[in-house]
């Protein structure tokens, strides 16, 4: 059951400061409304994963690992591989997070990232089939939040794409019943590059890439995921209030632009 | 049950969809208010083959206590699919999809409920999808608004919801199961008309920004229509009650 | 672990009223001790289920859906299909019910309904085998409680039988490894028609089909399930006290009569 | 372990059952009281190959507190089968069957325990089936009564329990595993003799109403016998304690 | 998440008594520091298990059942059977134990016993294979604690070895796809006899086989499991403090001696 | 990812191990302190291919309240492996191994933390193994000590930890993954140097008592070395902070 979350007590004065700043075209960390925090992407940190990327978005830190393993396809898609996105919002990353099974926030995060990858057909699922209906390759995208200072969706989206784009895998084949691996590393077959761009409505103003303090006072949140051709491939509104029709139009166009900027950085980092 | 087969075309040469609708046409909608005995408020919606029952309890004492908020009621929401509501039986354990939808549905309702009138309590919204046919989250929101009103919970206004999608390259209103499955995109929207706030918005598939804008307009127009139906349904319920009240002495009514 | 349930606070005076009425041969809703509330049965509401029935028993409302799917038999019964009965006593139906995994009350309800169907051999389990030991048809009976005003067991039993008796299924066959369906709908193979009849002991009097207020003051509860030949196929006593030997004899004979009455209504409704 | 094979006949031409018993004969029963050190009360029963240990704790502070009742003790009961207690190893996670039996066993004991003497506390009954051989719920109730008494919990009287069943068309007392599995019906009964109340009654299989009545009488007769054994077992325990008390100065005794 | 346990309130005076006794070379139950409580081993109590043993170590009582069943090997050890050790520290045995999923104490207990059996290669895993990679025999060792008066690890270790050493099983073979059993009982193939010996450090003194009162005041605990040739095959330190290097050396040598004594008793009991 | 193949030899003719180390040589160790923003204290360790992050929160109010202790802080510890930290993806659900290690790691730290200064609170240690390469529990303890110190939690001294093992018949320090897997024994040790207390000790495999004694000495020597590195790492962090403090006015620092 989902219920209204208990936000940590933030002093009214502090809340007012954040809102007033945004109302005056400023932000608590001196950015403009439409600019991201500093973005740092490092790939390949986890040698045991097929792909990995650590992303610092300001003080938010996310690590994503990609593993490719052999498994069984879903009965209704016998000629496709399997993609699984999982997120851990563990208590290491924030006093707001608790131990235990994935919270609704973790599930939402994972599903939004999943939708962006899946709907843009980023991973070439057909090429992951070893034996139709019986054996396919399963791509696990595991999102590990290390430090939560706001906008985890974009940090995770960026890290997931960087990890996928830099992933290397052995070519698997079936010999009789057994999976054998051929020598030589190949890239994971990637056809698209979805990038999530998240906005927060603070007071009446919309800012991109909200920092934690802004998330704690925002009225609503919107994530727009843009694929490489500039089309929308996923959206998710969050938060207790909403957006006007005009706001949505503006935001979608800004998302296209911001996604392109971040995509260039991601692909550059993934190439090393 | 084996799933229905993929239709050859989703739209025919005359622009008519597999269930006979035009692109901008809603499925038939039936709304009923106050049909449960134990719940404080309830509503039932049929939209296409969707059959959804919503029950509301509250404001009532928060349980467990630690979830209570000092300055407002906690709104709780559960979206749940009956095991028999879909072609292939759904495992009764809550799925990740159900958990996500419970959250976004709750967030679509939060801004209209006057929760600050009932600090330290909970208002519980249980959405039971008895049969699902595409657009169940939107139909659930439409019915949940009515159930909240039926429970006598003070609200700024009703929330109406409807999805729009893309099939065979065209934006089309209120996708059915087959259109959702074999179409190119789905865009569920919830709208608070007077505040002019979109309080639920999700999308999956591929849309150009133009298609998004067009689709959003179609969805909001449909929400307006549905909002009218919601008000009719509430009136009907209260008319019935009034008549009954004149016959008997109490205002209680069997749905 | 099972523990003494916490009943909602019912005013002593109200409790006394219910008990006194029963002691005087009356009931809170003007019925006689041996009569049921009004019974309304509607089948076929859920088109996506093979069978379904919604039952109103007074203000209690239960929806049962029956689905037939392909699965694996149990190792110790390779030549039989599988029957699974599941009940959801969700918080929609009563302030007494909570979210979370099935309560002991839900489990007891499902198991009592299951026992009636299974022990009377209502579903022809042999006919559900597609390939002995490997593939069989699985009959899921899912009980969904919508409104709890007492005597959920009988309401669920009636709805389950109506759903089974009205269920239609495609004939499945194995072609090699794959299940194929032949055109044309058939009835689910049903050999028996078990009907549960539930009694409550209020004070020293026994009433059939207890309403919620009676359940809240009853000393004990007894369900007797009768199959089509008038034999007992399941029993379940509940509640904190018990029954005398003589009471049990009386009750069993009354159950035979009441089951026959309800069975006729169920089968009539199932035929439409 | 592979299951034993189905016997050709459950009753031979002379009316004798596979384990040598007549139709109205109980299996050998062994009762021991006070055999655990940490539990406040305990008892052990062997009935056929059933081996069941029951421990009782309480009255003690309710934990978690919200289950406490203001006017009586909460009785809690857990029926549990050891993984090695049955032919095919049982998964240690609680099964639906265990949950149902915990409930009906608790309900069979509720009416004899003077719970109103200990408001806001719990009395916990843990029934551990170390080996199961048909009729384990009844044997568990028989032992649980003794363990409650051993814990010094005030009770109106002891509850005795025994199942009766139908094999090869005859009503037979106290079915063993094979009889239960290959027989036609099983009817477990718990009885409070002085109050003359049947506090547990379940049935599965097919019985005519006449067979039910006959079976019930057989079961109650057996309960009477078992009730006598229970009283013997309690006496023996207290005799032992008395002797020990005379030897030592404390009344504590090692089981 | 593991957290500092809440010990039951033991009167300071009582705690002091236990510590003072040990400091003076005495113990609360009149033993010497290096002696075990009375050990009683009974095998074969559970006829439905392949092997079973009930152990009384003073007032601590443990029952272990061993079952052999057919199952699937782990993918990375296709040519070995499977060994599974599970422990139940149920609320019957102590007011300190609760219902619910296995506590960290139960998991630690099971894993320490498992390690002793596994690392000493006690069970001949190769001989349990029916069809390489597909079907093997699975040995379940289920530990059931009945009464907790301290040193459950040793009591469980002794019971596990006695149950394994006295276990009888049917010879299984594959006929086509099916498992068939040949007549005649065989012993479970056992190559080694690991025995755990546990010490507690009370004040500055180390005692073997701590009773509950000693466990409640001990600084630290050490289990040393010794295989039949006198080598160490498992160790586990527990408790909030630790041991000096010298203490560890002393304890390990004492463990070798005590394990040999207990092993003789176990094997004698297992033979019956 | 497919697992690496078993090496032919773990030690070559010259006594050199597969990664080029001598038997008594540690893998390269890198320590960083204070690298997380939200945690009250944090540390990062690389030891061979182990990459482990530790965050500490507290002392803070105990939640849930009933775990609080009246006379000391409750130390809580969670050892967790990321799904991508091992060759074959680890299921995110907590494993029995993780639960056991959380316990023994907590017990290795309990005696150095001055918990009696903070009654009724918790001090939480979260150990996240991002990549695992043999000896991760010891590396986790080494880093956890630093994270506790970084959080400003008063401690008697730092705990250092290192495993020793047996490969091809020789005792060898600080086993890597392959050595752990194909070797004969593994002996993880945590040491509190000044108190001279071994606070974590586990062993699996086969060791003679002589081998154990030799191995223990090797492990404690290595712990001494690691203890030195820990103190260096703390100094470095505080030097950086000092410099920063001179530049800015606050002492806060971005890792």
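Read from first to last, the chains carry the letters A, B, C, D, E and F; within each, the first residue is number 1.
The rule is simple: a residue touches a chain if its C-beta (ideal position, glycine included) is under 8 Å from a C-beta of that chain, and two chains touch if they have at least 3 such contacts.
Treat the numbers as computed from the prediction; the structure is a model and nothing was measured.
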{"item": "Target chain F, source chain B, minimum contact steps", "value": "2"}
{"item": "Neighbouring chains shared between chain B and chain C, ordered by label", "value": "none"}
{"item": "Chain pair among A-F, E-F or A-B whose interface repeats that of B-C, sharing over half of the contact pairs by residue number", "value": "A-F"}
{"item": "Rounded Å distance, chain B centre to chain E centre (Cα mean)", "value": "57"}
{"item": "Inter-chain centre distance, chain C versus chain D - centres from mean C-alpha coordinates, in Å", "value": "28"}
{"item": "Shared-contact residues (touching 2 or more other chains) in chain B", "value": "78, 124"}
{"item": "In chain E, residues with contacts to at least two other chains", "value": "1, 99"}
{"item": "Graph class of chain-chain contacts, one of line, ring, star, complete, other", "value": "ring"}
{"item": "Ring of chains, enumerated from chain E in the sense that reaches chain F first", "value": "E, F, A, B, C, D"}
{"item": "For the chain D and chain C complex, residues of the former touching the latter", "value": "3, 67, 69, 72-78, 96-97, 99-100, 102-108, 110-111, 115, 122, 124, 187, 192, 195-209, 212-213, 216-217, 220"}
{"item": "Touch list for chain C against partner chain B, complex", "value": "45-50, 52, 59, 61, 63, 65-69, 86, 88, 90-95, 99, 140, 142, 144, 146-149, 170, 181"}
{"item": "Chain E-touching residues of chain D, taken from the complex the two chains share", "value": "1-2, 36-39, 49, 51, 53, 55, 57, 60, 78, 80, 82-89, 92, 124, 126, 128, 130-132, 254"}
{"item": "Contacting residues of chain A [partner chain B, same complex]", "value": "1-4, 6, 76, 104, 107-108, 110-111, 115, 118-120, 220, 222, 227, 230-245, 248-249, 252-253, 256"}
